[in-house]
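Each of the next two complexes has chain A plus one other chain: chain B in the first, chain C in the second.
Our next item is the complex of A and B:
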C-alpha cells in the first residue's frame, strides 16, 4: 500500500516539480476560498493598502519637512522606502504565515501538518492565502517604481540586478527574523506579541537611513535585529553612500547574500525547534 | 533505550511500541499572589510522565482499542506513534518505520483522525481537500476516483462534499476526515475518538466503515474511544492504559472476566435438582422455590479480594445448564461501561510510590517545557 520513492536524480526532480505544482494548486484554492467572502476579501486588501499608505504618508511628511536625512537626499531615502516596502510585501506573500504560528500551535493545527508527507514549514505557508499581502504588494510595488524612477543615477544592468537581489535579500532577512521568532511560538503562545513588536520596529525604523540614529542603536539594528540589511545597506550601495553606512562596504554589498545566509540559519533553527515540539494538551 | 530490531517480524507488524515513555517538564505556580511572584523569579519545575514504559503491538489487519480515562496517556501514545511527538525513551515502529525519525515516510504509511480537530482545509469544500490530498500523496487519478466512490457508498459523502468544511456538521466533518485519512490507502490508521459527539445513526455508519476497512481492506487500526458500544462492536483486543501505564492487554472477554463478574443467571430448575451444590466459581444468590438466581463466587469480580477469577457469564451459563436440568433461563449482565468503570476505579488504587514518582518535583531541572531534551533519542524529523 505504501508508495515507493524513486531515489534517482530524475526521481528527485520529478518530486520537486510535483511539490511545487501541489503548492501552487493549494495557493490557487486558498485564493479562491478567500474570494468567496467578497467583503472580507476587499477589506483585507484595503487594510494592506491603508497600512502601507500610512507609511508613505509619514515618509512624505518627513521628507517635506527635512529635504535630506543624515546626508541622504529625498530621492535616496525614497529608494530605502520603496525597497523595504516591496521586500516586506514579498515577505508577507511568501513567508508571512510564520507570524501567526502561535495560533496554529494553540489550535492543534500544527499536529495535522506533522501528519502529511510535506515539509511542515511549507504547509504553514500554505495554510491560508495572505489577502492583505496583495494590498501591501500594490502599494509597495507602486512606491518602489516611483523611487526607482526618482533615482539620480541611471539604472545600468548591473545596478538593476543588484537592486533586484537587494529586494530579494531584504525579503529573506525579514523572513529569517520572523522565522527565528516563530521558533519560540512552538513553545510559548506569547511569542506572537514579540513577533508583532519586531514587526513594529521594522516598519518604524526600516524605511529611513540608520545613520540618523545614535551609533549604538544603528548597531543594534544592524547586528542584533538585522533590519539594516533589508533596505538601508543595499540602497546605500546603490546611492553611493557606501563609505558612510556604519559597516564595511563589502558587507553592505553582500546584503543579498547575508539575507540568504540568515534565512538558511533561521530555517535550520526552526527545524531544530520543531524536533522539540511538545504539542498542546499533552 | 530499548532497541527494536528491524526485520521481518517487526516490518510485518502493523504497530509495535516498546517501552515508550514521554516526560514533560512544566513550571507549577505556587499558591497565592506571593507564590505567583516567587514563581516568576524562581519557578518550580515539575517533571510529569504522561506515558511510562508502554509496550504493545498490533498485528497487520487487526483493530486494537486503546482505552483509559481522561488524561491516561492515550493521546500522547498516539502522538508518538504518528510521529507528532518524539518519545523521551523507548521505541516505536509503524509499518516498519520509526515514526518520529522518518516523519514524511511514516506519513505516507498512516492515516489519522483526531475527532475533535479537522485535518481538512477549513475554507475549501471537502472534495477539493480530497483532490489536494490526492496530489500531496501522489495517488493516481483513477485510483483516487475509485476509492472516493467506495468511501461515498459507505459514508454517503456526496451529499455534502461540495460544502466548505467550516459549514459541515460534526458528523459530516468527521466522515470527511475519515475519507481524507484513508484516500492514500494507508496500511495503518490511528483514530482518536473518531465518533465523539456524533448521533447514533452516523456512529453506526462510521463503525460499519471501520469494520470494512479492517476486515475487507486489511488495515491495522488503533482506536481510542470512550464509547463502550463502539468497543464492543469493533474491538477484539483492548489495551487499558491508566496513569500512563498499561494495566491490561487482552480480549474483551478477559476484561469482563476480571472486572465485570457481576452477572446474574436467573434459572428455573427442575425441583429434583434444587439441593445440588452450584458449579465451582458460582454461588446461589437467591432462591424462591424452583427459581434460583446464580452469581459469581465472591472471591473474584470487581469487589472481590483476589483468588481465582469467576467464570464469565457464558461459561457460567454452560456450567449451570450442564449441572442442572433447567426449564427457564434469563441473563443479567453488567454492560461494558460498568465493566470499564470498575476497571478504571480498580486501577486508581495504584501504589503510592508510583504516584509520587509521576509528580516528582525536580527543582532547578531542565528548562520549562524542554520535554525530550537530554534523554530524548536523536530524531531526524524532516521539517
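Our next item is the complex of A and C:
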C-alpha cells in the first residue's frame, strides 16, 4: 500500500472530502448513541426548548413592562433576540463542545485525541452529539422567523443577505469567545467556572439593546467580551439604529467579518495553546 | 481479629469538605469574588437602565425594590453554584461509577452524609452571601429591609427557603437511583429552579398565569418568598402565610425524600450481587 500523499489540488480535495465524510459518520454514530437512552434524549431536546423559551418569556416580560427599551421598539428588540437565539443554537450544534473541554482534560481523554489522525479541535466537536442543540435550534429558528416577519422594514435581497451573514457572524463570535476561554482549560481545569460565567453573561446581556447600559459597560461588552457583535450591532444596522450603537457605523456593518476574524484568531490561539498542553503523564 | 465497629467520631466534620476544598484553591476564591462583584454591578446597571425609561413602580416594584431583589438574587445564587462535580462527589457520578455502594457501607448513613455535605456547601455559600450583602449595604447598592418585621420574616424565609432548596435538589439526586442517564433531567430541574424561583427576574414581572403556576410549585419558596419579604413586596401582615407555605413544602419534601432514600437503598447492589 502506498503512503504517498497526492499533492495536487484534486488530491487535497479528495482528502478534505474524505475527512468530512468520516466526521459525518462519527456524527451519525454519536446521534445513534444518544438515541440509546430515549428518555434522556427527549429530555435533552426538552432542555434546549425550555432554555430558549425562557429567553423568549423573559424578553416578552421586559418588553411588556418596559416598552421602548433603550429607544428600541418591541419589533427591533425581537430581532436582536431572534438573531442571538439562532446564532446560539448554531454555535451549540457546530462548536459547543469546547465548553466541556475541561472535563476531557480532567479525565485524560484529550491525550487520546493527540494520537489520532484527525485535528484535535474537530475530535472535540465530534466527542458527543449535542442533543439539546436540536431543541435550541427548533425554538431559535421559530423565534427568528417570527422576528423577521415582525420587522418594520421590507426584506430586500441585500438586507436578507446581511441578516444571514449577521447570524453566521454571531455564531462565529460565540465560537471564538468559548474557543478562547477553552484555551485556559488546557492548563487549568477550573476554567469551566469562567466558561459558565461567560455563557451566563452572553445569555443575559446578549439579547437586549446595550444602549440601556452605561457607556463604559456597553464598551466592555463590545471590545472586551464582544457579545455586541453577536446580535446587537448587526440588528442595529438592519433596524436603522446605526448612529446610536456606540461604535462607528462601518464597524457595526462589518460585524459578520469581525466574527470571522475573531474565530480565526481564537483558533490560532487554541492551536498555540494545544502545542503547550501537557497531559497528566507529563 | 477485626476491631469492633465503632460509631464514627464527629461525622459533622463531613460538612467541612467543601469549605476546605474551596479555601485551598485561591484561584477559585478570586474568581468567585470577581464574578460576584461584576455580576452585582451589572444587574444594578441593567435594572436602573430599565427603570430609567419609566415613571414610578412597575408591577408593584419601584426601582430600589427591583434592584434590591435582583442583587439579593445574584448573591443567593452563589449558594447553589458550588462545583462538586470536579471533586467527583455527586450522587450522579457515584452511581455512574458504582461507588455509591460505599455510602451504604460507611458508619454514617447515606442520608446523613448527603445532608451534612449539603449543609457545609450551604454554610460556605452563605458566608459569601453575608460578605456580599454587607459590602452592598455599605456601598449603598442595597437598602435595609423594608421594616424590622420584614427583616425578621426575611431571615425565617431564608432558612426555610434553603431547606426547600436542599430537598428539591435531593429529589433530583435520588432520581438518579432509578435512571441510568439523567443529566438532562438534572439540568431541567436546575433551570426550572432558577426560572421559577425568580433568579432570572423578579416573579412579580411575569404574567399572572406564570405566577399562578409557580404558586403550585416549590421553587418560588426557595428565593422569591424571602426576597419579596425583604423588599416589602409581601407585607409583614402576609408573612405568616408565606412562611407557612414554605414550611409545608419543606415538611412535605422531607417526608417524600425520606421515603425515597429507603426505596433507593433497596436498589443498591454491590458488584457481584
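The rule is simple: the second predicted complex is superposed on the first by the 279 of 282 C-alpha atoms of A that agree within 3 Å, B and C clash if a C-alpha of one lies under 4 Å from a C-alpha of the other, contacts with A are read in each partner's own complex, and residues count from 1 in each chain.
By definition in this document, contacts are C-beta pairs under 8 Å (C-beta built on N, C-alpha and C of every residue); 3 or more make two chains touch, one makes a residue touch a chain.
If you're wondering where the values come from, they're calculated on a predicted model, not measured in any experiment.
Superposition note: with chain A as the common reference, chain B and chain C can be accommodated side by side.
Contact with chain B, but none with chain C, is seen for A:21 once the two complexes are overlaid on the shared chain.
In the superposition on chain A, A:29 makes contact with chain B only, not with chain C. With both structures placed on the common chain, the touch criterion links A:276 to chain B but leaves chain C unconnected. Taken over all C-alpha pairs, chain B and chain C come no nearer than 6 Å in the superposed arrangement. Of all residues in chain A, those touching chain B in their complex are 1-3, 5, 18, 21-22, 25-26, 29-30, 33-34, 36, 107-109, 111-112, 114-121, 128, 187, 267, 270-271, 274-279, 281-282. Interface residues of chain B, counted against chain A in their complex, comprise 24, 50, 71, 73, 75-76, 79, 82-86, 95, 103-105, 107-110, 112, 114, 117-119, 121, 123-124, 128, 132-133, 135-138, 164, 184-187, 369-373, 376, 379, 381-383.
Contacts from chain A toward chain C in the complex involve residues 37, 39-40, 43-44, 46-47, 50-51, 54, 57-58, 61-62, 65-70, 106, 131-132, 188-190, 192-194, 197, 201, 204-205, 212-214, 217. Residue ranges of chain C in contact with chain A, taken from their complex: 25, 27-28, 31, 35, 42, 45-46, 49-54, 58-59, 83, 86, 179-185, 187-188, 191-192, 195, 200-201, 205-207, 210.
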